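Two complexes are shown next, each including chain A; its partner changes from chain B in the first to chain C in the second.
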Partner chain A sequence: MDENASARLTRRALTVAHRVGLFLAMLVICLPGIWIVLSSLRPTVEIMAKPPVWIPQQLSVDAYVAMFSGIGKGGIPVLDYFRNSLVISVTSTAIAVAIGMAGGYAFARYRFRGKSGMFLGLMLTRTVPGIALSLPLFFLYVRLGIIDTHIGMILAYVALNVPFTIWLIDGFFRQVPKDLAEAAQIDGCTRWQAFWQVEFPLARPGIASAAIFAFLTCWNEFALASQLTRSVNSKTLPVGLLDYTAEFTIDWRGMCALAVVMIIPALALTYIVQKHLVGGLTSGAVKG
Partner chain B sequence: MATVSLKQLTKRYGNMEIVHGIDLEIADREFIALVGPSGCGKSTTLRMIAGLEDITGGNIDIGGRMVNDLPPRSRNISMVFQSYALYPHMTVRENLGFSLKIAGAAKDDMDRRVAEASAILGLDELLERRPSQLSGGQRQRVAMGRAIVRDPDVFLFDEPLSNLDAKLRTQMRTEIKKLHAKVKSTVIYVTHDQVEAMTLADRIVIMRSGHIEQVGTPDEVFSRPATHFVAGFIGSPPMNLHQATVSDGRLMFGGGDSLPLPGQFKSKTAAGDKVVFGIRPDDFYPTGHGLSSGGETEVHRVELPVSITEPLGNETLVFAEFNGADWVSRMLNPKPLKAGDRIGMSFDLSRAHLFSAETGKSLRS
Partner chain C sequence: MKGFKPSAPFLLLLPAMVVLAAVVVLPLILSLYSSFTPFRLTRPETFFVFVGFRNYLSILTNADFWWAFGRTVLLLTIALNLEMLLGLGLAMLVEKATRGQRILRTLMMFPMMFSPILVGFQFKFMFNDNIGLVNNALQSLGITEDAIPWLIEGHLAFIAISIAEIWSSTSIFAILILAGLLAMPKEPIEAARVDGCTPWQTFRCVTWPFVMPFAYIAMTIRSLDVARAYDIVKIMTDGGPAGRTELLWTLVGRTAYSDARMGLANAMAYFSILLSIAFTVYFYNKLAAARAQIGAEW
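Right after this comes the complex of A and B.
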């Protein structure tokens, strides 16, 4: 066998090994998701079986039907939870991204006193675990009378997300060459127009990523929500999962069904927004 | 009429003054090059004219109107950036028409003006492409197109050719010159490349450390440099500049060698004066291989050893050792030489320069 043939064979073997490796990695990543979907469709006996039953014997959508069939018939107020989750997540994401854009732009473009200190301070707030804040926040919210309200949850989530959105968007604005905004100003734009016409479109992938992350943080957050919500007024889907636990039993199947209902909008949103995540848009703006 | 006038223009960042009160009058339709080494304040000056930097002191007038505090969009200027600064998310057509769109121009008018600019610069084939799909030279042309579409009073160029390779640079230089002839606007062109400045500009402004050293036509700054710095900066290869002391009608160089004091400086120097002697490579040549200046009466001949040669085809740069240093000379109709050869060299002293060692100013009046 000549050298070229053996090199070709090695390359093919490596490609196959690479694909097998990728498949195994994806399997490990996807397995919990698949398991949740499967568990929502099969009886509790099978879910609790030891050793685990890999191939479901019988599938049914009973858990989903029960979930929507109203209180007293095994159902939970899932539509209320869904609405709460949506209102709280969308509003707080919009606010956090707006603040993130303003802050990120300021950090990327302007020089001001105490800039690095402020930036560090923002990052430090991320080191405090959300659960540690839940008790002080609870007392504060009770005093303010915003416990179990949308506004209370939105405030908490905006505070949670702003440091992250500023940090992420700052990085993207830094990648947009300053010359472009200057060229736009010479071309007749005001500072504001230069931002919207030139800098914003170029930083859009970063802003879209910040929005996805902020939304998912709110959508999936449990620790704070479980303390600050009380009723269908403001309970979000993750907190709603607790409705399936009773003193002595846990309805694993119902819980998994609700988890699936929770995952679907998050997946859909990520799918819709991902087309904006095309990086490298700025290539060609300036030399080489 | 788009004259540009700078009066006592100053720029300070904190305590550091970058531009020290410069004065400059630029005539309508004039092509002015600001040239100088890095950090001399030329780009800052241009950015102040553009309105991209606030001014600390002084005045800027464009077309007789004071624009000190006006934003860039109100100055009716356009600018070509060193980085081109094309909008990457827009096609070439959209890049060209962006300023018109912002100004709210009618679609017909916009199409017509984009088509005109595109025809002048040969961009017709590229109109639907994005900047990332263009070569460096094409991007440069789009940047110029974007500038001319606006029909500005003043064009500002900030080192527009420095990212191009040597061949393309020469080509674009010609295009810029043609463009100026066509559009007949006032041009202010910043470069660190003295060849660009010499070939393009009607007048050259040589800057150093935030001051203007000299303003003049290319011929003036080349033939009659006002200072020792200008003499060294303009011309390639640069002028030979060496310290000397005037003594007994001669220039004594530290290493023991001397030259006769050029006649035109006799009345302007006194014994003991410290000076800088300057002579261009064209005026210091292997005997029989130079251009006669008509001042043959003042040619001083010596025999000197050759240290190295740089053959360029039609001429050779010969580095001859004089007073312990290498002096560069230009040899026309070259003949082969090698290091160590001793050859007869001619100093055409009628074309030599003398500068005060203290102030750096030319002693020629």
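Right after this comes the complex of A and C.
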């Protein structure tokens, strides 16, 4: 009886400890984001107040209105940056996924000499730090006259994304049983038809998440963009964020608002793909 | 006579290879060449002067470079190990949760959606000595009277950067390790418990070997873009104060674009590339080994 009671007590204590631990962990994870959103809605006076004002007295969307109402008022041309980011990210994602599908299919379905070496080689091209790559690219782009253009950025981002897209798509094609496509071929499909009618539809959710992942990489990339873009012609949002710090004082509220604008598409897209993403990355973990 | 007929995988991989050759390999060859010249952006004619290993020699004797190199390795070691431990802890906490798994998993992915530049910015804001959340909280709770100069004092700045880096990347580990925990067969754990293993022994000898490949996948993915730390440091301290938080990558950027010494910067860049490659190959091999191990056991 006594033993039972103490066991029950221990278990209850463990449950409470688990809850508390979980709560604290989630708090640490979410707090910075919440703080940014909150700060973007508060007047600058409150952000700067000493002693700090913990409970917001008034909320307003002035920062967002100012940001989207043009150069003179918001300080920086956010709309141009937004458009550049969108054009560059979407185009390079489309190209990277097309190339990645071809490559991923080759890795998943064919056996050929030097396969694992080639896979590692592809991955190694991805390890080159953006800043290290930016030096020769900067030089080349100046020579070719495509510095500070959409084309140049798209080209760089396609190369940046292809290795990872191949990895992901390879994983998704591997999850599609080989027999299905073979059955289709026995029934008279060509390999091309079998791919589009059987394997592609099955791998589509995975490919979509690879696409979203590529999009997010472009959307968030900074090291290359900060060197290869110069003006509103091609500056992307992450580079634009630095505009707020370039001045002598930092406009914290404006920066927070821009941060929220940058994070919302990322948030929505990641939420959509979360399940497939993990599946694609880990499909090679156990099976090899 | 039949012409050359390339195989299907070759054709399929051709576009990827062309793009990578044009945008990664060719520029890297170019930068390898220019690391042997005293090339300065402001004086194009220096591109064709060959100086042998002089850039590399001057790096070897450059104290700033070695400090940055050591600091980079230190940051990566601290960050990767802590991320792994915290990620493991977080994954196990979430796995134990009986209700709300889905929402917990979504919340867990939250930091992954932040681009490194945003992470840098939000921590710059939070660690601001005057209006930052951290100092405000410490002062309101009465823990300290003075404003702690988080980003102004060298060691504190390094700690602040590490925290930002760890915050942003722990979730990658947590998610992949959680995927491993969920994919794990339950029988071995029950068998271990029946055989009288303590929880720690069960974890050490059953759970951990199974989860290890997933942890190494996370490591491999992370090592593919360890240089993300550049963005964070660039915006948080820009290598300051007085170069105390200068990492290899910020040093390369500064040498190339502020000092316009491209040749020297390229030589430095090659060190950072080798560092990244070393990390990736190391974890890739670990992954293969871990995979072989559980392949043998299950």
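We adopt the following convention: the second predicted complex is superposed on the first by the 228 of 288 C-alpha atoms of A that agree within 3 Å, B and C clash if a C-alpha of one lies under 4 Å from a C-alpha of the other, contacts with A are read in each partner's own complex, and residues count from 1 in each chain.
By definition in this document, a residue touches a chain if its C-beta (ideal position, glycine included) is under 8 Å from a C-beta of that chain, and two chains touch if they have at least 3 such contacts.
It should be emphasised that the depicted structure is a prediction, and the values quoted were computed from it without experimental measurement.
When both complexes are overlaid on chain A, the residue A:F139 reaches chain C alone and has no touch with chain B. Contact comparison for chain A: of chain B and chain C, C touches the greater number of residues. Of the two partner chains, neither chain B nor chain C is touched by A:G240. After overlaying the two complexes on the shared chain, residue contacts for A:G254 are found with neither chain B nor chain C.
Contacts of A:P205 after superposition: neither chain B nor chain C is touched.
In the three-chain superposition model, chain A touches both chain B and chain C at residues 281-282, 284-286, 288. Contact residues on chain C toward chain A in their complex (touch as defined above): 7-10, 12-13, 15-16, 19-20, 22-28, 30-31, 34, 89-90, 93-94, 96-97, 104-118, 121-123, 125-126, 130-131, 133, 136, 139-140, 167, 171, 175-176, 179-180, 183, 213-214, 217, 220-221, 223-227, 230-231, 234-235, 249-250, 252-253, 256-257, 262, 265-266, 269-270, 272-273, 276-277, 279-281, 284, 287, 291-292, 294-295.
Note for the complex: chain A touches chain B at residues 177, 179-180, 182-190, 193, 197-198, 201-202, 281-288. Touching chain A in their complex are the following residues of chain B: 50-52, 71-73, 77-79, 81-89, 98-99, 102-103, 130-134, 136, 139, 146, 150, 163. By the touch criterion given at the top, residues 18, 21-22, 25-26, 28-33, 35-36, 39, 47-48, 50-52, 54, 98-100, 102-103, 105-107, 110, 112, 118, 120, 122-137, 139-140, 155-156, 158-159, 162-164, 166, 216, 219-223, 226-227, 238, 241-242, 245, 252, 255-256, 259, 262-263, 266-267, 270-271, 274, 278-279, 281-282, 284-286, 288 of chain A touch chain C in their complex.
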